[in-house]
Amino acid sequence: MSANFPQREMCTIGETRFVEMVFPEQANHYGTLYGGNALALLGKSAFVTASRYARCAVVMAGSERIVFEKPVRVGQLLEITGRVVRVGRCSMTVEVAGIAESLPDGARTPVLSGQFDMVAVDGDGCPVPIRPAR
Amino acid sequence: MSANFPQREMCTIGETRFVEMVFPEQANHYGTLYGGNALALLGKSAFVTASRYARCAVVMAGSERIVFEKPVRVGQLLEITGRVVRVGRCSMTVEVAGIAESLPDGARTPVLSGQFDMVAVDGDGCPVPIRPAR
Amino acid sequence: MSANFPQREMCTIGETRFVEMVFPEQANHYGTLYGGNALALLGKSAFVTASRYARCAVVMAGSERIVFEKPVRVGQLLEITGRVVRVGRCSMTVEVAGIAESLPDGARTPVLSGQFDMVAVDGDGCPVPIRPAR
Amino acid sequence: MSANFPQREMCTIGETRFVEMVFPEQANHYGTLYGGNALALLGKSAFVTASRYARCAVVMAGSERIVFEKPVRVGQLLEITGRVVRVGRCSMTVEVAGIAESLPDGARTPVLSGQFDMVAVDGDGCPVPIRPAR
Amino acid sequence: MSANFPQREMCTIGETRFVEMVFPEQANHYGTLYGGNALALLGKSAFVTASRYARCAVVMAGSERIVFEKPVRVGQLLEITGRVVRVGRCSMTVEVAGIAESLPDGARTPVLSGQFDMVAVDGDGCPVPIRPAR
Amino acid sequence: MSANFPQREMCTIGETRFVEMVFPEQANHYGTLYGGNALALLGKSAFVTASRYARCAVVMAGSERIVFEKPVRVGQLLEITGRVVRVGRCSMTVEVAGIAESLPDGARTPVLSGQFDMVAVDGDGCPVPIRPAR
């Protein structure tokens, strides 16, 4: 077992994870994941993580500093994990982190991170209290 | 803790998981996930799972019976898990299963399943042996 | 007239055909049509063929064995034909076959095939009888 | 056999045909096929038809008058036929016509038409003579 | 200040402008903007320009001659300007022009042009008078 | 002339602007622009603005606080303006702001804002000095 392999992936409550292969259609013309697509992937993770935690519709209120530490290359795997790190009355903060994984050796490198503020809303888009986790 | 909630998600070697929110753009005009998009999601899971297991390029050789048990509705979460269930010299079988999760109550329903044959290839697309998992 | 040219294309009832050019955005990073996109094209053919035959809404119930015989290269044409091969009370089987066509010489090679089970449904997604072909 | 059903579809040399189901994702917010997407479908037909005729790379030089006669509704089938109607030394004119087909009764209505000028090019994008049809 | 730089961009009433970077996913396999995507960008410009002028829903009735003067290369910027050039009772003509801009030297080259007929419609898709510009 | 109409739009050096119509395919199932797509639009503006200013390839290093002040509804226009507000040796800060415009009355509401750090790079992705604006 390679030391780099994520041998056991345990997702606790309020955590979601997905793995994407970076395809040419997501890249700019330098062969790396285009920033606009990276932002969309981070936002998707925040959205799914918050929806799953609050068990209702959510909208994005904003993000704190997002860091693109290293470029992600076409052909790498990108694992994105979202985690609820703060729960307020109607809002949550979701921390999202991206790790690039090279296929040949499984080497894993942190590449993206950010925090997103998500608000639980009703059908009219008005904030609603987040029910305590059961 | 709801009995339906996936309290701990453990991915073992050769398993990958991702969660998507079903959006209107992925639906047909009846408000359910369109079959073509469902197939693409299953295929993506098989592709990422096999690539991560074999640590090299892979191509799809085909699929065994795919079953769409129940429609997946817009606004549901869809969790898709791929798992390597057979490893041959140059090929693998990946079993993919999809579970729909309703936001309000977290109820989880199996909705999709299939098996895909994936082949490890070199840069010219020729089959190469799959290295034993370390 | 090249022997390879599809001199007359006759579509009988319950058959539909479309031709796509394989573009880089549909390819993986090895320059061939990505399996997930190929599945989506097969599914689209099954969907359109069944809808046109049953003259009502249809959903996909599943697929039998799908075979990806050969890779399809960027820049090739891909002709996909769907054909209703079995009609039951509320369901149909659609056979889908894909042929890659090289531009320079028009050489045609079978590359994809599969069978899909499609169900005629009403507005609530409940199965309805397929009306006999007129 | 309904009088409206396209009983036999014969494509002669230099003709290609495809059928699409109009999905919500291709529509504007009035529930009809968005003009930009309709243009893209017409252009795709011209591109595939010309490529298949000339058996080489082609680029679009322009279009003559394009007419959107009637809106195409979500849930209708759209059959698009491209036909080479003029062949010059290095260029061709492709006539493209779209017919909307309603599922319930198979009624077919001409909805789109246009003419596109396509030029055969080599790898550097320079015009090359179109070889006579064999 | 380079002579080629668009030093002041003034948009008058009934004019809209947008700038895109041409990405590989919009290109054909010769590395230039694919005609179908170019048509879609021109159509989008006509749609937004007409909507903004008429302050109501609009649909495309057709286009006059569209000219693709030069190929647009991956990595170039493409600036597209739409301008209302004729206003009738219920319809408008929008002139759309595209200029490619090279990054290294800012050289600007006209590459695309066309005219689109747009019709103001109500919620049922029926033509409605265009209110005089205030 | 409505008080709300952007009578003259002057783009100075280092500023780019584009207008989009929010389509159903960009919305979540509550009928408002989905956060992930909003992030992608902001990122695209930062990317194009920085590329045009630096006249070379750029990559995104990160973003400062992004604020989604109000939801953007399907059928609204969204005008996004990017402006270079800081230029360092190899990096720039681009401020991006989005204004939603209602079609019926042209009312304009600030809805999105953010700051992005962009780095000028050479073909290998290494930072290069930004040449002074000419």
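The chains carry the letters A, B, C, D, E and F, assigned in the order they are written, with residues numbered from 1 in each.
Following the convention adopted for this analysis, a residue touches a chain if its C-beta (ideal position, glycine included) is under 8 Å from a C-beta of that chain, and two chains touch if they have at least 3 such contacts.
Fair warning: this is a prediction, and the values are worked out from it, not measured in the lab.
**Q** Trace the shortest sequence of touching chains from chain B to chain C and report its length in steps.
**A** 1
**Q** Could you tell me which chains are in contact with chain A and with chain E alike?
**A** In this structure, the chains that contact chain E and also chain A are C, F.
**Q** Could you name all chains that are in contact with chain A and with chain F at the same time?
**A** The common neighbours are B, E.
**Q** For chain E versus chain F, which are copies of one sequence, does the interface use mostly the same residue numbers on each side, meaning over half shared, or is it different?
**A** same
**Q** Report the inter-chain centroid distance for chain D and chain F in whole angstrom, where each centroid is the mean of the CA atoms.
**A** 35
**Q** Whole-Å distance, chain A centre to chain B centre, using C-alpha means?
**A** Measuring from centre to centre gives 19 Å for this pair.
**Q** Among the residues of chain D, which ones contact at least 2 other chains?
**A** Touching at least two other chains: 21, 24-25, 34, 44, 47, 57.
**Q** With touch defined as at the top, which chains are paired up in contact here?
**A** Listed in label order, the chain pairs in contact are A-B, A-C, A-E, A-F, B-C, B-D, B-F, C-D, C-E, D-E, D-F, E-F.
**Q** Spell out the part of chain B that touches chain D in their complex, as residue ranges.
**A** Its residues touching chain D are 24-29, 34.
**Q** Name, in rising order, each residue of chain F that touches chain E in their complex.
**A** 1-2, 5-13, 16-21, 44, 47-48, 51-52, 55-57, 77, 101, 103-106, 133-134
**Q** Using the touch definition up top, name the residues of chain F that touch chain D in the complex.
**A** Its residues touching chain D are 21, 23-25, 74-75.
**Q** With touch defined as at the start, can you tell me which chain E residues reach chain D in the complex?
**A** Touching chain D: residues 28, 30, 32, 34-44, 46-47, 57, 59-68, 71, 114, 116, 121, 123, 125 of chain E.
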